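Please read through the structure below; I'll follow up with questions.
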Amino acid sequence: MTSAPIEYADASAEVRAVYDDIMATRNTDWINNYWKVLAHHPATLRRMWANAKEVMGPGALDALTKEFIYLAVSITNGCDYCIASHGAAARNKGMSREQHAELVAVVGLANETNRHAAALALTIDERFQ
Amino acid sequence: MTSAPIEYADASAEVRAVYDDIMATRNTDWINNYWKVLAHHPATLRRMWANAKEVMGPGALDALTKEFIYLAVSITNGCDYCIASHGAAARNKGMSREQHAELVAVVGLANETNRHAAALALTIDERFQ
Amino acid sequence: MTSAPIEYADASAEVRAVYDDIMATRNTDWINNYWKVLAHHPATLRRMWANAKEVMGPGALDALTKEFIYLAVSITNGCDYCIASHGAAARNKGMSREQHAELVAVVGLANETNRHAAALALTIDERFQ
Amino acid sequence: MTSAPIEYADASAEVRAVYDDIMATRNTDWINNYWKVLAHHPATLRRMWANAKEVMGPGALDALTKEFIYLAVSITNGCDYCIASHGAAARNKGMSREQHAELVAVVGLANETNRHAAALALTIDERFQ
Amino acid sequence: MTSAPIEYADASAEVRAVYDDIMATRNTDWINNYWKVLAHHPATLRRMWANAKEVMGPGALDALTKEFIYLAVSITNGCDYCIASHGAAARNKGMSREQHAELVAVVGLANETNRHAAALALTIDERFQ
Amino acid sequence: MTSAPIEYADASAEVRAVYDDIMATRNTDWINNYWKVLAHHPATLRRMWANAKEVMGPGALDALTKEFIYLAVSITNGCDYCIASHGAAARNKGMSREQHAELVAVVGLANETNRHAAALALTIDERFQ
């Protein structure tokens, strides 16, 4: 039930309206496969775009920091598509090679110590509660 | 094989040297349980502190951004101890309530779309490679 | 130590007996790679088929509902082979495109809120215990 | 940054409006902790309730089947709160003890074979593509 | 739908037969909660014990090595019950404190490098295929 | 930000020093892609090699047992590169086909029972604490 991406030329008016908003919001003329495959179920396309637009825009955290967080999750889950797409998004928003290398190091270290904490059945320190 | 935390007063000289460096680096008089339980195996205590000190200090990414990344990984893995300890670390370094709320929203969204990408067997767009 | 699939023509009598039962149970003339690679270790082939036959047949849950559950787990784990094979199994048992789209939406949402629950260290409500 | 649940009596008008809709939709007079803790960030409360309402209502999949899928994901992620809350939701919608036992068996089996597939680096059968 | 453990005195003949075999195989007079809760669904109790007995007994890998592997998986999944029960099993079969400390270190390191591999989208070396 | 592997001929003196130590320690004339991609960030290359050298050498656990543990983690995380590289490492250190088959069976079983434990919200037996 993998589906071919739906291109703009073949999309319904409902789908095109979302595509148009994605391109306007991102200031680009291009849509990536995630949205073009979701388009087979327009209600999900519309819902997920509304979520992404609300959550990923700048707020108390700037847009690049949000991409760092997104990328850290995607690496932890081993999601190849998400690592590629949000790696590109982070670079577009200014991530340097050195920042990327440090992010990878932190993600690795956190995954390591997360397992130490599980293995050792650590009690949460009172000061942390 | 869970072990009681080893307090400073009961620690060997080798362990105390690491504790002293943790407290000096963090400008605090206090050591959390992770290190005090690792202390049963001094080689691991020394090695992990050397890693944490090198990876988590400011560099191309500032120290707070690194804590955001660490927390995002810990939430994704469901590590209660790590969420508590690195949530506290992030607050100590200035994380606001609003930033925390946005981080949680991004982590949730990323975990959602990571599964969409897997379910739909998305092909990585050429522009992302 | 990845191994080539063992085809029926090349299989031992012990392995053929399992293949025959798989094909008879599923009413098909075909065996997928999972079983043909497990066949290098006949004890595991036999054991896993006995498990699958017992667990996946209709019971208090019908066979299609079991495939939905299987697919939800496989998407959460990001297992490409399992998503493909159990996606096909679900379609063979009647899953519609709309049902698939809704399943993907639920799996995504559950992965999102699972992380919210971890991040917020929620106390389980008394009514749920 | 774990927060106490916000009770109805202490909630803002914006939050009460969401609580009211949750109780009306679910035909209950009660709100569980997930929503009462999200309420510290009303934008997230509103957004997540809109998502849950859209995704979890009956459609091509009935509401109980959606709870089975939600529970399967929550078990796979080891999310104690989610297992408790969606286990209760499934029971409220009619899940029997036997159905629960079969769901647990399928979730366990799927997690087992997902790792076999990874370990054996299985090639996806042509018929599944 | 969490259930109280079923004690031997309250168990059916079918369940007692499994309990008897567990105690005889393990040379003990005691049954742990996993089996006593599974006992609410005797078919699953019987099936899982048959699996555990076949898989965990000594073979090409000795029984302690199998417990190391089991513990490594349980730590990676953050399963507190499993870490406690299989940690105890490993100690009963001879795991020393030093072996435990080294196992924890290896599990942590593997989780770290697993994420590096994902982040960097490594190509599998020809020699590894 | 995936990077081409850095070959020895193109490497800086700092990177060559690590490569030389990897080859000497492993008694081989070859470096795998993990290290050659990490080499874009020499501090991480140096740090990770120091960790791997310290953690993976024989100690209270022999080197092959450590590879079994590493492989079990990598299978559980679904890390294809790591399964390939540490599968090869285990074979180089003497893992037989039968041992590999048993390891895969244990890893699968542990992932299954880990989910049973979560689903059933098991209380840790007093004897395990």
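Letters are used for the chains, namely A, B, C, D, E and F, taken in the order the chains are written, and counting of residues starts over at 1 for each.
Everything below uses one rule, namely that a contact is a pair of C-beta atoms (placed from the backbone, for glycine too) under 8 Å apart; a residue touches a chain by one contact, two chains touch by 3 or more.
As the structure is a prediction and not an experimental result, all values here were calculated from the model.
Where centres are the averaged C-alpha coordinates, which chain has the largest centre distance to subunit C?
So the chain farthest away from subunit C turns out to be B.
Taking shared residue numbers divided by all residue numbers at the interface, is the value for subunit D and subunit F over half (same) or under half (different)?
Here the answer is same, because the shared fraction of interface numbers exceeds one half.
Where among A-F, D-E or A-B does the C-D interface show up again, with more than half of the contact pairs the same?
Interface equivalent to C-D, from the options A-F, D-E or A-B: A-B.
If you tally contacting C-beta pairs, which comes out ahead, B-E or C-E? Let me know.
B-E
Given that subunit D is a copy of subunit E, what angle of rotation, in degrees and a multiple of 5, matches their CA positions?
Value: 120 degrees, nearest 5.
Suppose chain centres are the mean of their C-alpha atoms. Which chain sits farthest from subunit E?
Farthest chain from subunit E, going by C-alpha centroids: A.
Counting only Cα atoms for the centres, state how far subunit B is from subunit D in Å.
Between these chains, centre-to-centre, one finds 28 Å.
Whole-Å distance, subunit B centre to subunit C centre, using C-alpha means?
35
For subunit B and subunit F, what's the span in angstrom between their mean Cα positions?
Those two chain centres are 21 Å apart.
Show the residues in subunit E shared as contacts by 2 or more other chains, in ascending order.
Touching at least two other chains: 2, 47, 51, 55, 76-80, 84, 87, 98, 101, 104-105, 107, 109, 111-114, 116, 118, 120-121, 129.
Note which residues of subunit C are touching subunit B in the complex, please.
The touching residues are 75-76, 78, 80, 83-84, 104, 107-109, 111-116, 118-121.
Please name which positions on subunit F make contact with subunit B in the complex.
2, 43, 47, 51, 54-55, 129
Sort out for me which residues of subunit F touch subunit C in the complex.
Interface residues on subunit F, with respect to subunit C: 78, 87, 91, 95, 97-98, 100-101, 104-105.
Enumerate the contact residues on subunit E facing subunit F in the complex.
It comes out as residues 2-3, 30, 32-34, 37-38, 48, 51-52, 55-56, 59-61, 65-66, 68-70, 72-74, 76-77, 79-82, 84-88, 96, 98-99, 101-103, 105-107, 109-114, 116-118, 120-125, 127-129.
State the interface residues of subunit A toward subunit C in the complex, per the touch definition above.
For subunit A paired with subunit C, touching residues are 1, 40-41, 44, 47, 77-79.
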